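Read from first to last, the chains carry the letters A, B, C and D; within each, the first residue is number 1.
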Amino acid sequence: MSTWALALFQRDLRLSVRVGGSALVGVLFFLAVVTVIPFGVGPDLNLLSRIGPAILWIGALLATLLGLDRLFQADRDDGTLDLMLMAGRPLELVVLIKCLAHWVATGLPLVVAAPLLAIFLNLEPAAMGAVTLTLLVGTPALTLIGAIGAALTVSLRRGGLLLAVLVVPLAIPVLIFGVSAADAAIHDPVPFLTPFLILCALSLIAAVIGPIASAAALRFESD
Amino acid sequence: MDLGSHAGFIFASYGLCLLTVLGLIAWVRIDKANLEKALKDLAEQGVSRRRPQEGGR
Amino acid sequence: MFEDLSFSLEGGSALVVTGANGIGKSSLLRTLAGLVSLAHGSIRLEGGAPDTPSEEHIHYFGHQDAVKPALSVLENLQFWQSFAAAAHVSGFSGSSVDPMDALNLLGIGHTARLPAAFLSAGQKRRLSLCRLLVTPRPVWLMDEPTSALDRVSETQLLGLMNAHLAAGGLIVTATHSDLALEKTLILHLRAGDAAAPSPEEALQ
Amino acid sequence: MAFWDYANPTRFLKLVQVVLPWLTGLCVLASAAGLYMSFFIAPEDYQQGQTVRIMYIHVPAAWLSMMCYSIMAVSSLGTLVWKHPLADVSAKAAAPIGAAFTFMALVTGSLWGKPMWGTYWVWDARLTSVLVLLIMYLGLMTLWRTMEDPIKAGKAAAVLTLVGALNLPVIKFSVDWWNTLHQPASVMRMDGPTIHPDILWPLLVMAVAFTLLFFVLHLMAMRNEIMRRRVRTLRLRAASAAHPRSAVATAQPAE
C-alpha cells in the first residue's frame, strides 16, 4: 500500500510545484482578495478587525475553489485517468491521496499566509491564531468537498465556474463553523471549542464522503 | 548604546531585512549550483553548444 | 455499439482488429479495458487471480500517452512502475523490467533525466510503451501502436510484442499497418455484421 | 535559439565575471559603513526617538523597490521595442529581487508604524500602493513560472510590466495627493532636502549600499537566467539527438 501511495503523493506534489504548476497562484489570489476588500468596505480598521475572520475564510474558500478545476482534469486530458482506473488501486484512496497532495501544495500555503494577511486586517494576536487554526483544520474539508465538484466537471472544457457553483453550497457549513469558531475566540463569552470541534468533525466527514463520491463520479465519467 | 523601549522593533526590522537578503543570496547561489550541475551533466552526455552550427543551420 | 460479437483468444496469441474508420475499433478496446461498461454479455479472463477484476490484468496503450511534461522521463516511468499493480497469471512468464533498461531498450535512455516536455511525439510514445514493460501484465490492448513511430522503433515494437506473446501473453491491437506478429487472429469489423476471427496461422 | 549562444550573452557573462567581485566588495564596504553610521553616528530623533533608525533601511528599501520596477519597465521596452536579447533576461531576474525589497519596505514600515501610529497597518494611499506593487511583482513572477517558452513569457510579462508601471507615479505622489499618515518626501524634493545632514549622510550611504546590493544580485540572477536558457537549449538538443550508443544497445535485447 505505502509504496504506490507515496509515489502518487510525490508525483502530484512535484507536478504542482514545478514550472507550469499552480501551487503559489492560490496564495497570490488570496492576497489579492484580502487587498481588495478594504477598498470595497472602506479602510475603517475597527470594522476590518470585526469582519477580518470572515474575509480570510471567504478568501481561502475562493482560493481553494480556484485551484481545484485541474485536480482531475489534467489527468483526464492526457489519458492518465484511464490508466489510474485500471491500475488495480482503490480509487477512493487514490482520490484521497491526490486531495492530500493538492492540499499540501495549495491549501497549506494559504494557512501559512493567513497570519500575515491578518495583520492587514488589524486582527488581534488571539484572533490571528484562532483564524489560522480554524483554517488549518477547515481547508482540508474545502479541498475534499471540492474534489467532488472537480470529479463531476472533469469532462467539461470550462468546468471551473460550474465547479465553484456546485461546491459553494456544500462548503457553507464549513464556512459557518470556521468563522464562528474564529469569532468565538475574539468575543470572550462564547465558547471556542464547540464550533471548532464541529469543524474538525466536518473535515473528518469530508475525508470519507469526498473520496467516495468523487471516485463514483470519476467511474461514471469514464463510461 | 541604548535603543530605548522600542529596541525590539528596531532589531526585528534589521533582523528581517538581513534574513530577506540572506534568502535572496541563498536563492541565487542554489539556483546557480543546480544549473551548473545540469550543464555539467549535459556536457558529460556529450551535448555541446557548438555542434549544430557546423551542421549548417 | 456492438451486437453479437464474440471471440476468444488463448495465451501466446494476438488478435488484430481491422476495419474502416469509425467502425468502433477503439471502442472495442476500451470496452475490453473495462473503461466502457457492457450492456450485455461478459468479458472473462481465465486463469487470472480470482478476486481481481479483469481490467487489472490489462495494459491499455491508447492514443494518449499519459506523459507528464513537467516530470523527467525517468520519474514518469518510475511512477507507473510503483503505481500500477503487477498481475501474475499462470502460464504468463513476463517479468518486470528495470525502468532504465526499458528506456534503453526503446532507444530513449539518453533522455532519462530530461523533463518529458523536451521529447518529440514519437519519443513520448516510446516512453508510454516502456510503461508496459516495467509492470508485467498478461494482456496488452494496443490502439494504433505504431502511430508516430518511425520504422526502426516499429521494428523494436514488433520485437517487444513478439517477446510478450512468447512469454504467454495476449495482445489485442487495432491497427491499419501490417504487423508481422506470430500467431495472429484477425477480427474484421464491418457495418451490419462482424466477421468471425479467421486464423491466419494454426494455433496449437 | 542559436541566437543565445553568441555575442551579447557570452560577452555579457565575461563582463559580469570581471565586474562582480568589485561590486561585491564595494557593497560589503558600503553596508558596513552604512550600518555603523546609522547605529552610532546618526542622532535620535526628538519626536520619534530611537525608532528613527528603522528609517535607514526602510527608505532605501522603498527606493529600491521602485527603482527595480523602473528597471523592469525599461527592460520591457527593450524586449518589445528594441528586441534586445538581454532585456527579458534582465526583467525576469529583477522581479524576485524587487519583490524582496518591496517586502522589506513593507515589513520595516509596519514595524516602524506600530510604535509610532499604534498599528502595524493602515489602508492609506502610500501603503496600499506599495502593497499593490508587491502583488504586481509576485504576479509577474508567477506569469514567468507558468509559461514554458521563455520568449513568449518574456513578451507577455513585458506587456504586463509596462501596464503596471502606471502604479509608480501613484506610489511616488500618493503622499502629496492624498492626506495620509505617511510622512511626505523629505530627501527627493525639487527645493532640496529638508533633512539634517547628520541624518542625511547615513541615509545616503545606506541607499548606495542597497543599490550596490541590488546590482550584485541582479547580475548574479541574470547570469543564472542565461545559464537556464542554455540548459533548456541543450536539453532540447539532447532529446532530439538520437544517441548512437543506446541505438546499438537496443538491437540485442529486442531480438
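To be clear about the criterion, a residue touches a chain if its C-beta (ideal position, glycine included) is under 8 Å from a C-beta of that chain, and two chains touch if they have at least 3 such contacts.
This one's a predicted model, so the numbers in the text were calculated from it and none came from an experiment.
> Central chain, going by Cα centroids?
A
> Can you name the chain that lies farthest from chain C, using the mean of each chain's Cα atoms as its centre?
When every chain centre is compared against chain C, the largest gap points to D.
> Once you find the CA centre of chain A and the CA centre of chain D, what distance in Å lies between them?
32
> Please work out the Cα centroid separation of chain C and chain D, and write it as a whole number of Å.
That gives a centre separation of 53 Å.
> What's the distance between the Cα centroids of chain B and chain D, rounded to whole Å?
14
> Which residues belonging to chain A are in contact with no fewer than two other chains?
19-21
> Going by the touch rule set out above, which residues of chain D reach two or more other chains?
148, 235, 238, 241
> Note the residues in chain C that touch 2 or more other chains, in rising order.
In chain C, residues 69, 110 touch at least two other chains, as defined above.
> Show me, using the given definition of touch, all chain pairs that touch one another.
Applying the touch rule to all chain pairs gives A-C, A-D, B-D, C-D.
> Mind listing the chain D positions that touch chain C in their complex?
148, 235-236, 238-243, 245-247, 249-250, 253-255
> Could you list, by residue number, the parts of chain A that touch chain C in their complex?
3-4, 6-8, 11, 14-15, 18-21, 78-80, 82-89, 222-223
> Residue numbers of chain D touching chain A in their complex, please.
110, 119-124, 128, 131-132, 135, 138-139, 142, 145-148
> Under the stated contact criterion, what part of chain C meets chain D in this complex?
69, 104-111, 114-115, 117-120, 123, 152, 155-156, 159-160, 163
> Note which residues of chain D are touching chain B in the complex, please.
2, 5, 39-40, 44, 49-51, 53-54, 57-58, 61, 96-97, 100, 103-104, 107-108, 111-112, 114-115, 213, 217, 220-221, 223-224, 227-228, 230-231, 233-235, 237-238, 241
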